[in-house]
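One chain, chain A, appears in both complexes that follow, with chain B as partner in the first and chain C in the second.
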Partner chain A sequence: MKNLSMDDRLAVNRFDSDDHNSHIIVDKTACKTCPHRACTFSCPAERYKWDTVNDVLSFDHVGCLECGNCRLVCERLNQGIEGYSWNYPRHGKGIIFREG
Partner chain B sequence: MSDEKFQVIIIGAGVAGSAAAYRLAKAGREVLVVDRGKAPGAKNMTGGRLYTYALKQLMPEEWQEAPLEREVTREIVMMMTPDSAVAVDSSFASMNRQSYTVLRAKLDAWMAAKAEEAGAMMVAGSTVDGLIVRDGKVCGVKIGEEELEADLVISAEGVNAIVAERAGVIKPVEVKNVAVGIKHVFRLPEATINDRFNAAPGQGTAMLCVGECTKGVSGGAFLYTNQDSISLGIVVDSLSWKNARLPIAEVAENIKQHPAIARYIQGGQLIEYSAHLIPEGGIKALPKLCADGFLLTGDAAGLVVNSGITVRGMDYAIMSGIAAADAANEAIEAGAYSAAALKGYETRLKHLVLKDLETFKNAHDYMVHTRHVFTTYPNLAAAMMKNMYTVDGSPAKRIAGVAKQTISGKLPYFDVIKDIVKGAGSL
Partner chain C sequence: MLKDWFAGVKKGTSQEIIAEKYYTTAVKKYDAIIAGAGPAGATAAYFMAREGMDVLLLERGPYPGAKTCGGSSIIAEHVHKLFPNFWEELEYERLISHQAYWIMTEDDAIQIAYRSTRLSDAPYNRFSVRRVKLYEWLVKKATAAGATVRFNHHVSEILYEGNQAVGVRISKPQDCIYVANIIILADGANSLLAEKAGLSRRVSAHDLSLYAKETIALPAEVIEERFSLPAGHGAIIGLIGYPTAGFNGTASIHTFRTSININVGLAVADIAQAGITPHDLIDRLKAHQYIKPLIKDGITTEYGANVIPEGGYFSIPELVHPGSMIIGDAASLVNGVHGFSLAMWSGFFAAQAASKAKKHRDFSVKFLRLYQQLLDESFVMQDLRANAPQAKWLRDVPYFFDLYSRVANEAAYHITKVYTIPKKAKRHYIFKKITSMQPIGKMLKDAWSFLKVIR
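Let's look at the complex of A and B:
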């Protein structure tokens, strides 16, 4: 069986995405000072990527599986310091597992 | 609705929340369950397997209609290297319906419907984002601008218990006490699964693996056969993974290629890719289970035991839902909702759930700190089996000789003895 790209994996899921309001807020500029960047290798949906060309974090909340691992590996999200917050999407938005 | 006051509001329609709602509704209580998913189950995921005793206790008759996938009658534990595997494969004629593979979208929807049928009110698609707290007592929940009042609030909000955390009722969960699970569900014809797993219709396989599947990081892979699909994934210790700095999604994808796995899922069509956290801190990480007007159940309370062979959480969640409902009933009858009045909850949990957590209190630490289990031992096991089965015309050795030859220089005997002794005391 062929390995699938993350886009192909997420494409089989059902989402009702809130395209305009992200349930997770990160300060991408402030992230430059992060010593570990654990979000970039700990997110099961690869929503966090380090843009090496511009040397800045890129983050897309659409496609988030709402596991919460970023909230634990990132101290800033965990403590909810200025510029960082983690919430579940509201009004039933986000991932809709049909298997679970 | 904002003028209405409920006797009990439950946050989350997972198996803990719906179990509590079902039992309270049966007792004639006014119960509201609020779930953040489009429908109950839409936000939940399991490996997974449900041990049925808990469901039986909740619904002695109705549980037989529950949407369970396959009865697990074959158990495989496997150690993997990059290209080999050594497994212990146990088949049982009957397990007396002890455990079934399940899919949460179906199971949770069914349990929530049962609770509703019993008289509970279900509101899906609403995210509780705070608690109403007056003079230290929890008096209801906040959903955006809306406030809903209740005599008692039961949190069954799951592993990311942000409502309880933010209200200051419990301490935030720590990364060292959590594992992250990633799962693929592959659709395959029912008959193909029966053939591949040598299973009679309705019978299923549970497989747990250690070693290469997590690149030697504390954790493992799992495979469960559902009726017409296969659940395959990995679970890794979140903090160990953070320190290992490996690409988690790539490692989860690569297990599909392992020769010991690939043949089972061949031709399957990916129908879902999911991720979820698992609270594995056990009794040492146990939060306060009740506060004034408030009870904590299931994953939110960290009621999970991973013994290495059995992984349990949903059964404890249901049992905690039952215990919470019974404690709530007592409190309602007494008209007293203080933490002291709710103590009966913890007493009930002690008999089974907390006792098990206590028994396995060192299991999580053992797994995290015994790296040979995930690295050296799988390699040695595969090498030893290969050596034992090797016939190439050179002088044959007895088994002890092969073992000695395999292990020699690979790791200190002292480490092995230490791991065995510690393991015997922890698992």
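Let's look at the complex of A and C:
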């Protein structure tokens, strides 16, 4: 079995994305001062990436698996300081698991 | 909300103001509202509805199980006690008659398997089950018993009157309020509700494990052939050592009817430090020489991730509050052996307490405390209490799974291999080999701490 790229992996999942409202809010500029950037290597959907060209965080909430890992590894999301908030998508939007 | 309350207190009419504010928008007052239609929430809803209570079950997903993944299997003994002969109704995947543990390294694996036809007769032992089917069945039971269920309803906060929970707010687009005498939080491992309301402390990265799973579709006959199973039977294999790349954690293979689930998980704190992603671990495991042939020509049909509470007994929050109770994953009531069952029992116990509170028309902690009592007396808490030091131990001996699966495999290799030396010399040689990996004193110390923690 060949390994899939993250995009291909997420493409087999079913999503009903809320394109306009992100359920996770991060302050990308403030993230520059983060000492560990754990989100960029621990997110199981690779939603957080460090854009090395522009030296800024890139984040896309579409494709999020709603596991809650980032809220645990990121102190700012965990404490919900200004510019950061973590919530579940509203109205059943987001990932829809079918296989269990 | 607190602001309103203070404003009310100042004017001396707090109750009236709050009543006006909440009850004008609310349609009716339920006996109980349950946030989360998982195994805990749906079981609670079923048993409360059966007692004639007016129950509202709120679920943020579009159908039961849409927001969770991984695993899974159910223990017949438990579920049979709550729902007699459930196997006649529930659409399970396979009857588990093959349970195994593989202690793995890059090159080798010690495979310990137990297979028995005794496991395949009623009342059975274990069934593999897809979460969607299990949750759906539980919710159907609850609605058939009279509970009302609403999907796409994300509960954003609990509403209070003083310190008594009186209702919940649904986030946009509904943006409405439901009121009830009892609010039951069954919103899973990431219990934002309990945290926001200050009912539990903030979850820490140490108390939760991140599991990634991949579902791989294969024809039923192929699965039965590769795992050498009789038709309709299934295997569950626990994988230790290699899959978690040097950290303490576990991986597993669950066989479903026409697919298999590969799960790998380790503590969130470890993942954050390791610089290794959960999906890398899955790919690495899939490429292992003994796993590869099992999934050959399979097609990935779903990829997911989920956090599971593994903090154990010490991370269980205060479970009973005025007008509210916390059950299931939200209360850290899970462990590796019993899986869903602890969540289902907690739902059942909470339902008993709720029904007693309703009979006495007193929704303070006085009668709801019965939930805590029933849990404490049951095997649920006894097991969790016995395993209490486990979470800390896993942090204290971070090399345990990795090192000792290597040691075991090294020993197995030399025992298997035939040398042209006398038996006694071989034994001495193996002893030297193993103790070169870990000094004997340390090994004994670790073994002792392990025995103490699993007792």
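Here is the rule we use: the second predicted complex is superposed on the first by the 100 of 100 C-alpha atoms of A that agree within 3 Å, B and C clash if a C-alpha of one lies under 4 Å from a C-alpha of the other, contacts with A are read in each partner's own complex, and residues count from 1 in each chain.
In this text, a contact is a pair of C-beta atoms (placed from the backbone, for glycine too) under 8 Å apart; a residue touches a chain by one contact, two chains touch by 3 or more.
What you are looking at is a predicted structure, and each value in this text was computed from that prediction instead of being measured.
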| said: What does the overlay on chain A give for chain B and chain C, a clash or a fit? | reply: clash
| query | In the superposed arrangement, which partner chain does A:D18 touch: chain B (first), chain C (second), both, or neither? | reply | neither
| message | With both complexes overlaid on chain A, does A:V73 touch chain B (first), chain C (second), both or neither? | response | both
| query | Can you pull the chain A residues that chain B and chain C both touch? | reply | 1, 3-4, 6, 9-10, 12-13, 16, 36, 38, 41-46, 65-69, 71-73, 78, 86-92, 94-100
| said: Going by the contact rule set out above, which residues of chain A touch chain B in the complex? | reply: 1, 3-4, 6, 9-10, 12-13, 16, 36, 38, 41-46, 65-69, 71-73, 78, 86-92, 94-100
| field | Residues on chain A engaged by chain C in the complex (per definition of touch) | value | 1, 3-4, 6, 9-10, 12-13, 16, 36, 38, 41-46, 65-69, 71-73, 78-79, 86-92, 94-100
| query | If you look only at chain C, which of its residues touch chain A in the complex? | reply | 60-62, 65-72, 129-134, 151-152, 154, 156, 171-174, 189-190, 192, 202-205, 208, 210, 212, 214-216, 256, 259, 261, 268, 271-273, 275-279, 283, 286-287, 292, 295-298, 300-307
| field | Touching residues on chain B, where the partner in the complex is chain A | value | 36-38, 41-46, 103-108, 124-127, 129, 144, 159-160, 162, 172-175, 178, 180-182, 184-185, 229, 231, 238-239, 241-242, 245-249, 252-254, 256-257, 262, 265-268, 270-277
